[in-house]
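You will see chain A twice below: alongside chain B first, and alongside chain C after that.
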Partner chain A sequence: MGLLTYVLKKFLIGIPVIFGVTIILFYIMYTLPGDPIKLLLAGERVTPARIEELRRAWGLDQPVYIQYFYWLSHIVRGDLGVSIVTKEPVALLISQRLPYTLTLMLISTLLSYSIGVLAGLITALKRGTLIDGFVSIVGVINYSIPGFWFGLMLMLSFGYYLQLLPISGYEGPHSLVLPALSLALPSSAYVMRLTRAEMVEVLNEDYIRTARAKGLNKRRVLLVHALRNAMIPVVVMFFLNMPWLIGGAVVIETLFALPGMGRLLYVSIIRQDYAVVQGIVLIITVLTVVFNTLGDVVVAVLDPRIRVERGGGL
Partner chain B sequence: MSRILLEVRDLHICYETSRGCVRAVDGVSLVIYESETFCLVGETGCGKSTLALAIPRLLPPNARLLSGDIFFRGMNLLRINENELQKIRGKEIAMIFQNPMTSLNPVHMIGFQVAEVPATHFRISWREALLTAIKQLGKVGIPDPDLRSRNYPHVFSGGMKQRTMIAMMTTCKPSLLIADEPTTALDVTIQAQILKLLHELKNEYGLTLLLITHNFGIVAEVCDRVGVMYAGKLVEVAEVREIFENPQHPYTKGLIGCVVARKKSKTRLNQIAGAPPSLLNPPNGCRFHPRCSYTTPKCLREEPQLIEVCRGHLVACHNYERVG
Partner chain C sequence: MISLIREKIKSLSSSEEISLFLKHKRGMAGLILLSFMLFIALTADFIAPKRFDEVDPSSRLLPPSTANIFGTDQLGRDVFSRVVFGARIALWVGLLVVVIEAGIGVPLGLVAGYYGGSIDKLISAITDMLWAFPPIILALAIVTILGPGLTNVVIAVSVVSWAPYTRVVRAKTQSIMSREFIIAARAVGESSLSIMFRYVLPNTLSSVIVLATLTIPSAILYTTALSFLGFGAQPPTPDWGAMLNEGKDYIFKAPWCSVFPGLFITLTALSFNLLGDALRDVLDPKLRLG
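Here is the complex of A and B:
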């Protein structure tokens, strides 16, 4: 009962956050050096009058806050504007690219969490043994390897020498294997370390001793009493990390020349394509807020203590 | 005297630490009879909790059982396997811990945590187990047990959490209930209620209570027999009246002296001079000799054994005749 109000409140808090981010974002783009009109003309020789005309046509002659409100009034109507470079609607550009990025994120997240949680549980349960030592060392190595370098090595081995998987462009779902791996590896090591630390801590808790004193078997102690408590921080990280994964996708998509949103963002920043960059960052902001809120909700479901503020006592 | 329920024979337990082996229980032998209340008293760190945890084999991973036997109804608890042990824990031997605040799982409802015990040990449905749990919660004095069983531990007070622990550990009417300082973490008024509850349940179910405490007030109130531990050793065992009226070990005498002194105002509190020895490197001979006022050269050389000075009264002291 308290849970629903809690969820609603968390989502409402997200709205001003999104507004705040749009203001900061718009201002940063505005203060960036470079003139989009010159980029647009790309060295074409035109009269200053023509430049002024273009500037007026794109609304760039207005003060920054006017430009912001103009943009915002379109956003709330679902219009993300038009790319200054390709003249295509931003919403269309993003909707073409977003599925690739979301698929990549989904695959790499599933990969990193299934590997990380499993490895973390094994090392926690086999603490102090050879398996623990070996897996932990592999984890540290994985964690230290930058994703882009690992991506290059994957390209070299699977794409160039073995010729098993494509190294560049999108030719079908198998094109996502190497990028997903290079995104998943470093984060799986992080997930493993967190899972291990949490599990080791929970196994030392008094309530685990209570569960054993009750005569429960080992599996039940582990699954019903330890796992749920240990997984709470891991779940939090799962949701908080989603936006970072988009950041990682920018690098990896560029490296593998995937037609995703990350690569679009990279290209648009280089071209100073205001409308596209703003559109993408807005999407990222919304995704971030949504994932954070989802994280709060899932944690509230897992941990009854979080709901206390709602008077969840009775 | 009734039948023997539990017998501990020459038990040695140490904790492995970075500085060496801490011999927390060093050669303890002890007998507990059916449906009695046996109190184990001693200062913090004397090994009484370690001894208690060793009975259902719930010692932390760094503890090593070096040698000894624990017989429960003729079955050696230290020799049976984990599966057999699981059938005994919670059903035959139950345990209540010192800190109720951390002993309940924060993410499960009270009713669920209690119901797990009958659901594990009896062939009953989950619904029946839950009903048993609610009934037991009512029995230990939780108001509105039906409603409260759907609460999470964080809304319970310390006293209610300890009542929940007691409900959980008594649903199967165990033969032996080990209570490891069950009232230490609670305030004084609640302490008395919890002790009263334990005493009532003991009488109703006819269970045997092994109560670990460092509070002689509790000992006087509820115990039948008392064992005094010092530095990993049992130094005196006797019936409760005998302990108070005729303590034979200088350490027991000192402990009782501390309590009695509280009743006289304006005088300085009695104390036992010095501190308990390190169990990493305990003193030679009698471990109490550095703090004892009866020390003789023999105490430094030779370790005293538990001997029966009169019926049911055991003492480990070379000079008990001078002490008593």
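Here is the complex of A and C:
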């Protein structure tokens, strides 16, 4: 199977997933209590005739499946509905906040990968030594610490006692440092673990021993032969991890009162602003599918064997 | 199921696995830490100097002292007593989530691995989809529908994170299916159900035990995160996440209200992570969770 067909197939598989989520989301909204028109008017005085007119205009007099397609056709055109609380379009609300969340994810990923890969390489190369033992234990501790508690402790130490960085809200890029650190802590430990495991495995492979036995430069063997192969799963994890980071961002953005999409989700759940909740979950689903597909594609490019192995399943 | 576990334990005792485990320093450290947590959870009524909901308006936000070793919170409640009672909730919630996850994931994995074909494809597709999706977001969506509360959070977290059980059990089942004893059981006309539960399941048990130990920490972290956001345990429940939710408003005035609950979440998660890693090294070194 060629690379292009493979990539195309992977993207096509994502479409029914998104489709399925839209059905579930619509059904949830449909069964939630409350009349959407009354919620939309929010106490405004209007005649029953006007309500009936609005009901028809929004397609609410139609059967469920017609309503679903009506809703879907709006979504496809980028119309995610209107927030009941602020009366602003959901798509606008999300597009204003998404950049903060994506920047936060980017910074925390850069942090967790630079720390994790470095620590993983050191522990793999110094396997069995005191350094390995120490760094590995720090790693286990790091992913046992709840990110939100770590964030609170960072706020307390760097924000309050040392007064080095802002405690909450967004005052500029430096406001993202503490949140990014809180988000990066657990994932850096996972990256380290994976890097170490892969590197140890690769170093035991025949071709590495052959390369060494041939008398090739030790550093060259490590960097060119071992590292390149050991990094494939680590790179893939980069993509598969992105959706999980969005989940972490909800908690961390709420803690640090950042104006991102994660906090918007939290606030909208509290305010029962379901149109916004629906829109954000939909965006997250699309992002999840995109990142997973990218992960599959990157594997296929880096390691052609995988294409054959995983071709059969989903 | 219980008799299966009993048999497994019997076959394990006095075997080399036990002595291997005893030599595993980090595993032993985890076991000791976990025993400590279990001890304070079981004896909370005797250890805690006060009830977890005993309000004392005259001693609000007091720093740690000999009278209140972890200090007091905004209602004058003893933080140490609340943390000790919180251990009960955390361990109970972790166990409950893992049991529900295994209850959903293990049978699905058995069925997928045993039958193969289109059933396997369907189950694997659902599992992969669930695995890819951020669990916190899904759990939040479920809590939005069910409403806040500890029980609902337990349901939400279990329902969104059984995927690893299905993956591991499915792979194990597939590798067992070609073994002689399965072929023999089929040849003598054993029913599929009986083969799955009497012959395949016991062989997946050690992987499931390792997996359960390693997923308890994430179960505790997710449920406390949801309680921290205010969707889980409600006041005055001494849930560690809920305590952090209340404590964060006084983080600068009374940091002890936040420091200790978080520290205990970390220690509990750490104990299971250390123990789980050791169990994996001993029982199932090839197990991969990714």
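Criterion: the second predicted complex is superposed on the first by the 266 of 314 C-alpha atoms of A that agree within 3 Å, B and C clash if a C-alpha of one lies under 4 Å from a C-alpha of the other, contacts with A are read in each partner's own complex, and residues count from 1 in each chain.
Please note the rule applied: a residue touches a chain if its C-beta (ideal position, glycine included) is under 8 Å from a C-beta of that chain, and two chains touch if they have at least 3 such contacts.
Everything quoted here is computed from the prediction, not taken from an experiment.
K.L.:
Taking chain A as the common reference for superposition, should the pair chain B and chain C be classed as clashing or as fitting?
P.N.:
Result for chain B and chain C: fit.
K.L.:
Which holds for A:Ile269: it touches chain B only (first), chain C only (second), both, or neither?
P.N.:
Once the two structures are laid over each other on A, A:Ile269 reaches chain C alone.
K.L.:
Should A:Asn217 be classified as contacting the first partner (chain B), the second (chain C), both, or neither?
P.N.:
In the superposition, A:Asn217 touches chain B alone.
K.L.:
Go through the superposed model and pick first if A:Leu302 touches only chain B, second if only chain C, both, or neither.
P.N.:
first
K.L.:
Going by the touch definition up top, name the partner, chain B or chain C, that contacts more of chain A.
P.N.:
C
K.L.:
Which partner does A:Val251 contact after superposing on A: first (chain B), second (chain C), both, neither?
P.N.:
After superposition on chain A, A:Val251 lies in contact with chain C alone.
K.L.:
When the shared chain A is used to line up the two structures, what angle, as a multiple of 10 degrees, is there at the CA centre of chain A toward chain B and chain C?
P.N.:
80
K.L.:
Per the contact definition in the header, classify A:Asn229: touching chain B only (first), chain C only (second), both, or neither.
P.N.:
Touch partner of A:Asn229: chain B, not chain C.
K.L.:
Just checking: does A:Arg209 make contact with chain B only, chain C only, both, or neither of them? Give me first, second, both or neither.
P.N.:
The first partner, chain B, only.
K.L.:
Rounded to the nearest angstrom, what is the minimum C-alpha distance from chain B to chain C in the superposition?
P.N.:
Taking the overlay as described at the top, chain B lies 11 Å from chain C at its nearest C-alpha.
K.L.:
Of the residues on chain A, which ones does chain B touch that chain C also touches?
P.N.:
Comparing the two interfaces on chain A, one with chain B and one with chain C, the shared residues are 313-314.
K.L.:
Could you please specify the touching residues of chain C with respect to chain A in the complex?
P.N.:
Those residues of chain C that touch chain A are 26, 121, 124-125, 128-129, 132-137, 140-141, 144-145, 217, 221, 224-225, 228-231, 244, 248, 251-252, 255, 258-259, 261-262, 265-267, 269-270, 273-274, 277, 290.
K.L.:
Quick check: in the complex, which residue numbers of chain A touch chain B?
P.N.:
Checking each residue of chain A against chain B gives 204-207, 209-218, 220, 224-225, 228-229, 302-305, 308, 312-314.
K.L.:
Which positions of chain A touch chain C when the two form their complex?
P.N.:
Touching chain C: residues 17, 28, 32, 137, 140-141, 143-150, 152-153, 155-156, 160, 194, 233, 237, 240, 243-248, 250-251, 254-255, 265-266, 269-270, 274, 277, 281, 284-285, 288-289, 292, 313-314 of chain A.
K.L.:
For chain B, which residues count as touching chain A in their complex?
P.N.:
56, 58, 60, 82-83, 86-91, 94-95, 97, 99, 102-108, 116-117, 120-121, 147, 151-152, 154-155, 165, 168-169
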